[in-house]
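In what follows, a structure is listed as structure tokens, so that the remarks can point back to it.
Which chain is which? They are A, B and C, in the order written, and residues in each are numbered from 1.
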Amino acid sequence: MKKHALKPLWVALTVIALVLLARYVMVPKDFGVNGRNFTYGFHRQSAINDWLVVPVKYKGKESCNECHDDKYAENLESRHRLLECENCHGPALEHPENPERLVIDLSRDLCLRCHSKLDYPNSPRGALPGIDPAEHNAGLACSECHNPHRPDLEDM
Amino acid sequence: MTPEMIVHGAEWTAKELFVYPNEFIYWSIQIVMYPYMTGLVAGAFVLSSLYHVFGQQDLKDMARFSLVFSLALLPVAMIPLLMHVQQPLRGMYVLFTPHFTSAISAFGIVFSTYAMIVLSEIWFVYRVYFVDQVQVLARKTDLGSRLKRLVYQVLTLGAYDISQDAVATDKKAVKILAAIGIPVACFLHGYAGFIFGSVKANALWMSPLMPVIFIMSAVVSGIALCMLTYIVIMEFKKFQAILARGRGDESVHLIVGAEIDVISKTSRYLIGFLVAAISLEMLDLIFRGYTAMKSWDILRSVMYGKDFVNIFVLQYGLGNLVPFILLLLPKLTIKRTALALVLVLFGVFMMRWNVVIGGQAFSLTFSGFMHYHLPIIPHNLETYKEGLLGALTVAALPFIFFWVINKFVPSLKEN
Amino acid sequence: MSFSRRKFLVTSLKGAIGAALPISAFRLLSPAEARAVVGDASRRWVFLVDTTKCVGCGLCVKACKKENEVPYDAPVTRTWVERYVVTRDGQTHIDSPNGARDGFTDPRIDDQEIPAEEITKAFFVPKLCNQCENPACVQVCPVGATFQTRDGVVLVDRNWCIGCGYCIMACPYGVRFFHPVYKVAEKCTFCYHRISKGLESACVQACPFEARRMGDLRNMEDPVTQIIMNERIAVLKDEYGTKPQVFYIGLDARVR
């Protein structure tokens, strides 16, 4: 009469069966080893797709050129040709539909990212034209004197 | 603060010197509670198994109690994790798609296996009692008794055979389960140590000794909590009996309270495991200092500087050395034991704290520090869950569970 | 060349099927599924940072946060720039205020004035996810919610992450954090949505000085690969054995 001793085992097996059933129902069918091995590639295959559909916000200079070719050409001649338009104008995303006009960042802080003088030897930062923001026309927007598209002062 | 600004961890982390921008104390008080509670479960079970498997007769009175108490602790080992994870509703995914290269993935499986072992063992220990109750309650007709009888009927799982043969089988099953249970309990807790010990990015945690240290201190804390709860309950019962006598109720007979004999014998096991735990921790510490790898500079400034009080005064001093002396001094009394036990429990808690919080006290840059400010008064769900009140909730739950379980599975019956 | 690629594909196919066996031994792979298992392993995205060109403008950090919808004012970021200033007394002063989202405009570090004549060298170091060949963060994920794509980028499955934080703890570079809105682990994806469409990543595009570049290690003609193969480069914290795939030019020993 050892039969009763197996009762807890049946309970345990029932629980395991329930978990397996829930697993079967709830785990996406594309879950498995989808990469190079179990350690690094065990995942839901469609999770990759979730990342591919993230909207692109920064369109790049060439896409600005499609409409603003005058500004584009002007900028290419200046020392600021290194800069992306969107660094100052913000991500274009769905422009010109929405928003129709991009908000231009005219703050001193934006220019100071490069042009606040940091006296660093052996660093390209030390070589950039720089000012002490507290001394140099404090309170004035940089664009009052400098044209960001053509920052060289000879045209002033 | 807008929800966009609530960064997990930023609330209770203060940075000093150079720390990477994304570094915060992500694992906070609940991750201290998690190994602490798991340790208590494992320790309580090991204590009961010492009687069932190795026939340590001196532990007989503690065995039943610690078995049931480990059941009460069991669900509580899981709750800190649920309170910690950012997506508690997805907790089941650990069972659904376990990624076995992760130490945490085994949690669901090891934990459930362990739960089944404990439940089955209790079932075998108490089956005869369940059957008795079904028969006794059959004579009563009030609603309460009928409901209670129904519960017991379910608990028997339909096994009403209480012949000598069947009872002998039960005893054998208990022994087998307890024997399987010991390695599983050690594994359950050892791998909690592995969760930390295998994090190669963390200079304080990464050590192969971590799982063993965790098992030793788990057994220490488990034994201490069982002894303490036993003392408190027995003394309380004695006190109640005396009170009843005082009111003139002669039907109550006086109870002796906690037996110093039981206590002093159990405390010998406690001291043994305590010595093992401290030796291993010291070995780890000496080794780190001697090899003095890249991380040693920052580890030293944390251990001997910022966390000195936490580690050397509270954990090793108050939590290990003082109770060690208290228990070893001759003429052990119940009161002195109780004090020593409280200190041991505190010491193990501080050990968990110093591992989990201490491991995040320094930055991955090795040139900055992070300070943890435990949220005391909660002002949102997060500061409740990962604050003082959340930890107290977790600490209180096993006693509530034990009170409920004890209604149906009496573990403190005086024979 | 073609032979070695073929061999590589065959080996990886065998490896992938072999690894899939214990889990899915009970179902046969259709040819389409088998192809999906192999994926696009003909590419290996890598990153090249030239610390000698970085000026610490932080436009990369700004672009990254906007492109990848990381709350702009939250103190977490997928990429950041560190400043190292070494003084005559041998001390290294390091900071990265707000991850350099607004660049470095103040010569002071931690409110401490550092006289220009005391400075012996100073440089900026951009940091981002290293997309390790053996990512520790992926190894420790208990549910398979973070993984490495066949072309070498480590991604997070926002619908499957339970938010335990183990991956954050496991990363030696501190690049991971909890997304303040989605409440799951978040990290740099190399702008997977952009590079897969043939665009540059947001930070690479935003950098005016070509301090950041990206390439394909499997393509020997790729200019970035050329630099990695021909010049002296370094990686961060190689002692962890994660095999980081962000390569640095001009990396100083003081970089953390």
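Worth a mention:
The rule we apply is simple: a contact is a pair of C-beta atoms (placed from the backbone, for glycine too) under 8 Å apart; a residue touches a chain by one contact, two chains touch by 3 or more.
None of the values given here were measured: they were computed from a predicted structure.
Interface comparison, A-B versus B-C: the pair with the greater number of contacting C-beta pairs is B-C.
When chain centres are defined as mean Cα coordinates, B lies farthest from subunit A.
Annotation: 13 Å between the Cα-based centres of subunit A and subunit C. One inter-chain figure worth recording: subunit A and subunit B are separated by 45 Å, centre to centre, where each centre is the mean of the chain's CA atoms.
Subunit B and subunit C have Cα centroids separated by 40 Å.
Counting only residues that touch two or more partner chains, subunit C has 139, 144-145, 160. Contact of a single residue of subunit B with at least two other chains is seen at positions 96-97, 99, 101. Touching of two or more other chains is recorded for residues 31, 38-39, 42 of subunit A. Of all the residues in subunit C, the ones that touch subunit B in their complex are 71, 73-77, 80, 82, 92, 94-96, 98-99, 110, 127, 136, 139-145, 160-166, 168-178, 180-181, 183-184, 239-241, 256.
Residues of subunit B that touch subunit A in their complex: 92, 95-97, 99-101, 112, 116, 119-120, 123-124, 127, 157-159, 161, 163, 165-166, 169-170, 173. Chain contact summary for the complex, subunit B toward subunit C: residues 3-10, 17-18, 20-24, 26-27, 81, 84-87, 90-91, 93-94, 96-99, 101-105, 107, 195, 198-202, 294, 363-367. Interface residues of subunit A facing subunit B in the complex, by the touch rule stated above, are 1-2, 4-5, 7-9, 11-12, 15, 19, 22-23, 26-27, 31, 38-39, 42.
On the side of subunit C, the complex with subunit A involves touching residues 12, 15-16, 19-20, 22-24, 36-37, 39, 41, 52-59, 62-63, 66-69, 85, 102-107, 116, 119-124, 134-135, 138-139, 144-150, 155, 157-160, 189, 192-194, 196-197, 199-200, 202, 205-206, 208-209.
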